[in-house]
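Chain nomenclature is as follows: A, B, C, D, E and F, assigned in order of appearance, with residue numbering initiated at 1 for each chain independently.
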Amino acid sequence: MKRIGVFICWCGSNIAGTVDIDKVAAAAGTMNGVVYVDQNKYTCSEIGQAMIKDAIKEYKLDRVVIAACSPRMHENTFRKTVESAGLNPYYLEIANIREQCSWVHKDKEAGTAKAISLIRTAVAKAAMNEALFAVEMPITRRALVIGGGIAGIQAALDIADTGFEVDLVEREPSLGGRMAQLDKTFPTLDCSACILTPKMVDVAQHEKIRLFTYAEVEKVEGYLGNFTVTIRHRARSVDLQKCTGCGECLAKCPAKVASEFEEGLVQRRAIYTPFPQAVPNKPAIDRAHCRFFTTGKCKVCQKVCPADAIDYEMEDRLLTNGYGAIVVATGFDTHKLNDYGEYAYGKHPDVLTSLEFERLLNASGPTGGKILRPSDGKAPKTVAFIQCVGSRDKAKGNSYCAKICCMYTAKHAILLSEKVPGSKAFVFYIDVRTAGKDYEEFYTRAYEECGASYIKGNVSKVFPEGEKLLVRGVDVLSGALVELLVDMVVLAVSVDARADAKELAKKLAVTVNEHKFFTEAHPKLRPVDTQTAGIFLAGVCQGPKDIPETVAQASAAAVKVAAIFSKQSLLSNPTVAEVEQKLCSGDMSCMAVCPYGAISEQVVEERRGREMVTRKIARVNVALCQGCGACTVACRPGAINLKGFTNQQILAEVDAICL
Amino acid sequence: MKKVAKTKLAELFSAMAAWGKLYVPAVSDGIVNFVPWQEGLTVALTALNVLVPPKKFFFPQTETVLSYEMGEDLQLEDFACRAGERAILFAARPCDVASFAMMDKVYLDEPLDEAYRRRRENTTVIALGCSEPDEACFCRSFDIDATKAPGADVLAIDIGQELVLVAQTEKGERLISVLNGLLSEATSGDENRVKDEQEKNEGRYVTSVNLRGMMEKLDGMFAADYWEQLYKRCIGCGTCTFLCPTCHCFDLQEYAAGRRGERIRCWDACMFADFTQMAGGHNPRPSQKERVRQRFMHKLNYFPHQHGDYACVGCGRCVRKCPVNLDILEVIQEVGGAVDGL
Amino acid sequence: MAAVIGWRKKDFWWQSPVVFLEDPAAAHRLVWDPFTVYSPVKFLLEWQASCAAKVGIFVKGCDSRGINRLLQDKRLERERVVVYGVPCGGKADAEKIRASFPAKGIKDVTLLGEQLVLTVGDREVRVAAEAYLLDKCLTCRHPNPVVYDKLLWEEVLPRQRADESRFARVQAVASLATEERFFYWQRQFERCIRCFACRNTCPACNCRVCIFDQAEPRWLGKANDPADTLNYHIIRAFHVAGRCFECGECERICPAGVPLQELNRKLIKDINEAYGDYEAGLDATDQPPLGTYRGEDPAGFDES
Amino acid sequence: MPVVNERFEPLIVAFCCNWCSYAGADLAGISRMSYASNVRIIRVPCSSRVNPGFIIRAFQRGADGVLVAGCHPGDCHYHSGNFFTRRRLTVLKQMIEYLGIEPQRFQVRWISGSEGAKFAMVMNSVAEEIRLLGPNRKLRDVR
Amino acid sequence: MRYSYYPGCTLKTMAKIYEDTALSTAKALGLNLTEIKEWQCCGALYPLNTEEIFSFFSPVRALLQARAGGEDKLLTLCAGCYNVFKRTNKAVREDGELRRKINDYLEDDYIGEVEVVHYLEVLKNDVGFAFLAERVKKKLTGRKLAPYYGCLLLKPWAEMDLDDVENPTIFENFLTALGATVVDYPYKTECCGSYLSMANEDIASAAVGRILVSAYKNGAEAFVVACPLCKYNLEEYQKELFAAGREPQLKLPVVYFTEILAEALAL
Amino acid sequence: MKITTDKVNSNLVREVEEVSGQKVSACFQCGKCSGGCPVVLTMDVLPHQVLRYAQLGLVDELLHCKTLWICASCQTCDSRCPRNVDIPKVIEALRLLVLRNKGGNYLHPNDLSEKVRRNAPQQGLVSAFRKFAK
């Protein structure tokens, strides 16, 4: 039999006003296992706590029930009290007779009866409470940042600046990501490269940051504080130690392929640096297109390289490192336009995507920053901008709003008016969304000062008409049909999650939503966390965002990482699931519902008759388990139980309530 | 010897129900069971065995044996004294009636089960002879005559338009006298028809087994490989035991609610995995093999050793209802009792 | 292969129980007749736990879904079983036959296409099989094995009205008023003798230790109390929700004739309607509906 | 029809998730909103911890109503727990209704930590609905 | 290769040439077409509401006939029939409620087993355009042909799934295989006015006018079509525009693709 | 034209939704339907306006508009609609509301021109009468 002590708090008149404490105390004295009952005006006060400690010692109490305010208020306080008296803190149970009783019931008789019932329930549970212990876990104080766009760059720099080590992994041969492709940025129109390049250089030079370009995450294991990540360093075929970045090879390479960075508007060589300001500014060989790798003959780059840096023998290397936290900043893909035949993209050279148009604007782009028609090299006088291409389209595209198109299209309209005097922009839109500091003003400038005509109505079809393009639509505000002959059409393509986001999510044991954007732990209160502790999100990989938001989220993620690293060690949550071997059938229903990937299979050996046999059962990783208990219900035989909220405890509570 | 026209049965039942609680066989959703009689109920006179054997009237599936309350001191209430309601069981079949004798050997022997005794004493059993045993009926193998039921208080025989009633005990006489106003004297023609029925009985079986030497044969078979083969298809349900008129195992369970509680006795089945499960987790019958062996050894060896009779009356319920057709007929045949008529 | 699990003939015309044949010479004992209905699948659990050798097994359409059931529940090592698929035109209901023919006179029953051939005394009688098939076979949508290593003969066509009749009984009961429904089920469960045959026969009930058999905590009282019987049936149905593959054995073998399939099918219907059509036992690799979710799932309760 | 002298007071067991509904109950308390005193709360970490076995047990032991309350879908502290709750308890609720139990006896609601008023309102409405139904006899142990 | 064949109302009358050339070319290409028994009009239009259950009976009966004939595929020529059959078949396959309702009225249950194909599709997938090119006896070199799709072959795309709805290529590839020069023009998938021409000739006239000009400007010498109604509209309103002296005054022949095919195969 | 509370809540809208199987509220007025409609020039109420009117309960106005008899059901609009609204189905529903009223037939055999009678393919006639008459 347990020796349970019950302590009833008056909370001044908060409880005592509507609950007859003496009556409650008398009733508590008759409850199973209760050997001691006391009451106090303010149990949370030092005197009150001292009284509990004394009683524990004097009456050899082994379970404590405190009837007072909500456990969400003082559970931790009282756990410490009990612990300091030499009991396990989880031997404590609280009956919430204030928030759930005295404050909400005016009738003293009903309140008293309910208080007794609540205490009986807590006593019944306490009798089943067992000692629980947190496990101390060490922390590897090195962070991994996946993705070298502006989000990854910012997160890496912020973490490194707090003094912790960071590894930054980028798939492409250079840092920079999407932002490097942009010309100017809204709403200030400052040059994207001018603000990004210094940050890229900072990353390369930071003593706490190790930069791995042309590298990808291969495998992730472990948990908060102790991830083990294998990184595939793809064979660059260029020795970064030897290469001086002189660029001799780039000019001589005979194999040409469409430049990804230039959105296919021009060609690059098979050995290439993606763009002039690349960091590291050293090339890589694209083996899929390299003449040597495809035909076995060439080696021109090796011949011209003064530094002997070309290494065709180089192989992919897999390196494994330990990390304490991970920031995912893998960015986005632009929407593929295969299903939008009505816009004649790919059929007519003067129909461009917004990112292609961005390259036309860029001084280092294929036209040197002049807006020229790809078909004939003439400057377009009239340009139709079509919004929501692939966005807000549940039939053929993304059901969501890509968020940035309204603003960058306003920017394009403004830049067009500046770069092509006498030109005219027509912007076809469904709604214009400009929520952001100085955004509305920027949009206003596009149509008030720069002469852009905004037409509410989406374009239905683009036809080639002679040298021009006929754009057909309707102005829904006036009901007038619109037929414009324009020189160029720019499609505001939607933002997609990375095509391979799901694979990465699987490696990281985090989830993606139906659009493959990574899911945050809580949409409002934990927008930077994933539901896997220690893995954080930054930038568009979590959902469409503009640059300021991306940078803010990256810094937030960095702080989250730094907060973890600044702790001495991590304590595991003791109220976690545990598996009872003899009951577990090993069907792993529990694993399917665990949001944290905390459950895995393990092989156990056990006796069967006279033999020892092995079989598979579930295993809970206490570092990953957050104690939700979803698994306990998925488990039909009740083999997985939740410490602190066991089946036995809850059934005892039910039984006690129903007495 | 009395008789009653079948058309008058409703009146007869009404009179019986007025005298004591009357249970009769009736069909619900295709299943025949004994149910309390009530006005308007159709009594299933031609149905052979009811699903749940009438042992339940003396040995209920669930009964509270005592209750307690912890106060200043412990208050106890023994429920056995409540088990004394006057009852009539109508149309028990001779095999089931024979099973009562087996149950008596267990519960009326020392230590005497008071509740059982009272129920037995207060219940008047009216047996109904079977005029056409089913193909799975093999009571004849146990020397039970389906047209006779020596253990019954009253024997009823269906002679077509009427039922003949023969009081066989004092209790039976008493009941007949209560009902006398509704009964008429049987004629000698009726008596002949009853005799005729009884003489025909032998020839009506299609299934019968020879049990000679069965008990002795099993003496040496505890460790036999036979069980190894037999048990494999047993699924460990309690159909055979719960439907068996002679199975009599029970479990005691506590139902505690705060400072009050009850002790409940309920049927248990040796086929269940937790039947001999002990608190520490140990189980002397760890697999279905031991459980299946236990069941048949008990029926065909231990019980006859102890009480002189096989614990089976050939009612055929397990033959008909076992989901996997693993039944006592099979065991008797395979262990070596000769089988006739199969 | 150390053994094959199939069916053999026993004493009576309606008995074709499962048999474990270890001796190839005894292969002639295997039968395939109108009563080879009991699924051999669940016996694989004990077999694999106690024996490392491979085993062969004959499975009908419904049984094969039981194989998938066990595979999805990770209770079976597929590579240690050789599955012989037997397309099945339906099994006979001995009770239905008994209702039309004198049971004691029947010598033999065979199925010939859509006809049932009975030898009654010295006569041979041919009747349309459909009238004498088990109810569960009339609503069977997958008469052909869905997983096998070898198919014994050509596939058969599913019964025409199987789809429509699938939920007919469920709908009939659901259309009753609340109180009528309660009395209906009360009458059914009243007969339950708590023998657990429904559970023990069910391949979806494959836990090593059933929750109902545990003493601490005791989830289910051992007494045959009506509320506990209801408790048992609710939780049993819940545990097979989204996992029941409609073999109907629970109901067929219930000694007390409790219409359990009506309860299972109700859950299937609800799940299909709310979360999209799902048929358990067709794919061993997917996730049963209660083991997954979609953000836009409807709720079957007032969410306000 | 017997005359009911005393008003029937139902016993309602409420399973509340720690992060939303229990917090909602606390807020109702802090805001001194009075509601029916028939409710007894059992704190669970997440509504997905609520085993249907608990619910049936409560009815067996004499509860007249059971309520499970959790975070709104999408707001689960444990990310996806209440999505599983929603499926499980939908199935359970529809089943017990099918078995002839009055639907009002078992309810599931989403109550966030900021919805103290909603908590009080739900408790009142559930208590009233069940009061009208009278005591639970269908699922209660016979004792 | 064997197919069930459904001609439809117009192919036995106004569009006899369409059927004749289709059957002769099919034979020449080794395709075995068996006309289904006891067919009736498909209804011409797919019902666009949730209430007309009766409109489905005729196409479903024809599909049942096709199934009874033992072939897996039902070949159609008229774009209208193709549209009705393909959509009906898909609806029966995917909408259980509808399937049940329809089958309640029919003698035999149909669950969408038959595959509905258009002759063009057969030429592309079963015959193969490469093979077709080899069989051409009289190359149509130098012929500038404008394929005209209209709407029924392609739309709604989610149901028809024949080709890209905005930039289809099947017709083009077919004509290329015959050696013709394909004229690309933006209006090739724009509606000709369809049945509106029965009641509202002005609208049809305007629609046809645009198509005509667009094709002509891009160098077309003739239209190639797959639908009797398209052919009627394109022909009749050209004549009318010409007669009325209204722009454009053009005379572009309109032929069925099977006629062109017959010509190329020298039949 | 006036938008009033009872109009917005009109049963007619629900009937249109039911007959068409389409949700008119799904439309967000992008106008892609009207812009691409091959016969839009002669319409008095443009396709996107049809949905707008329906959203606002202006069904009476729709029942009297010419558009119902101009739409050729070519499905160009719905093949481009980002909201999966099948406008021809909505228009069909409105047309049915008119046709089902006594005297609602739009086309009578006597209306056909000589040319049509002589030359039109059966396909066209069947289609027209199925659309324009009951």
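A few points about this structure:
Convention: a contact is a pair of C-beta atoms (placed from the backbone, for glycine too) under 8 Å apart; a residue touches a chain by one contact, two chains touch by 3 or more.
Nothing here was measured: the structure is a model prediction, and the numbers come from that model.
Looking at chain E and chain F, the chains in contact with each of them are A. Shared contacts of chain A and chain F, meaning chains that touch the two of them, come down to E. Relative to chain A, the chain whose mean Cα position lies farthest away is B. Between the chain pairs C-D and A-C, more C-beta pairs are in contact across C-D. Of all chains, the one whose mean C-alpha position sits at the greatest distance from that of chain E is B. The chain closest to the protein's centre is C, with centres computed as averages of CA atoms. Once the centre of each chain is set as its mean CA position, chain D and chain E turn out to be 62 Å apart.
Look at where the CA atoms of chain A average out and do the same for chain B: the two points lie 68 Å apart. The distance from the centre of chain B to the centre of chain F, each centre being the mean of the chain's C-alpha atoms, comes to 77 Å. Centroids built from CA atoms put chain C at 30 Å from chain B.
Touching two or more other chains at once are residues 165 of chain E. Residue positions of chain C touching 2 or more other chains: 209, 211, 219, 221, 225, 290, 295. Contacts with at least two other chains are made by residues 52-53, 57, 61, 74, 80, 84, 88, 141 of chain D. Contacts from chain E toward chain F in the complex involve residues 8-10, 13-15, 41, 43-45, 48-51, 78, 80, 151, 154-157, 165, 189-191, 193-203, 206-207, 210, 227-229, 231-232, 236.
Chain F meets chain E in the complex at residues 18-21, 38-39, 41-42, 69-70, 72-76, 78-79, 86, 88-89, 92-93, 96, 106-107, 111-113, 115-116, 119-128, 130-132.
Against chain C, in their complex, chain A makes its touches with residues 513-514, 582-589, 592-593, 608, 613, 615-616, 634, 636-639, 647-648, 651. Considering their complex, residues 70-73, 96, 98-101, 103-107, 110-111, 113-114, 117-118, 121, 511, 519, 521-524, 531, 575, 593, 595, 626-630, 632-634, 638, 642, 645, 647, 650-651, 653-655, 657-658 of chain A touch chain D. On the chain A side of its complex with chain B, the touching residues are 30, 32, 120, 582, 609, 655-656, 658-659.
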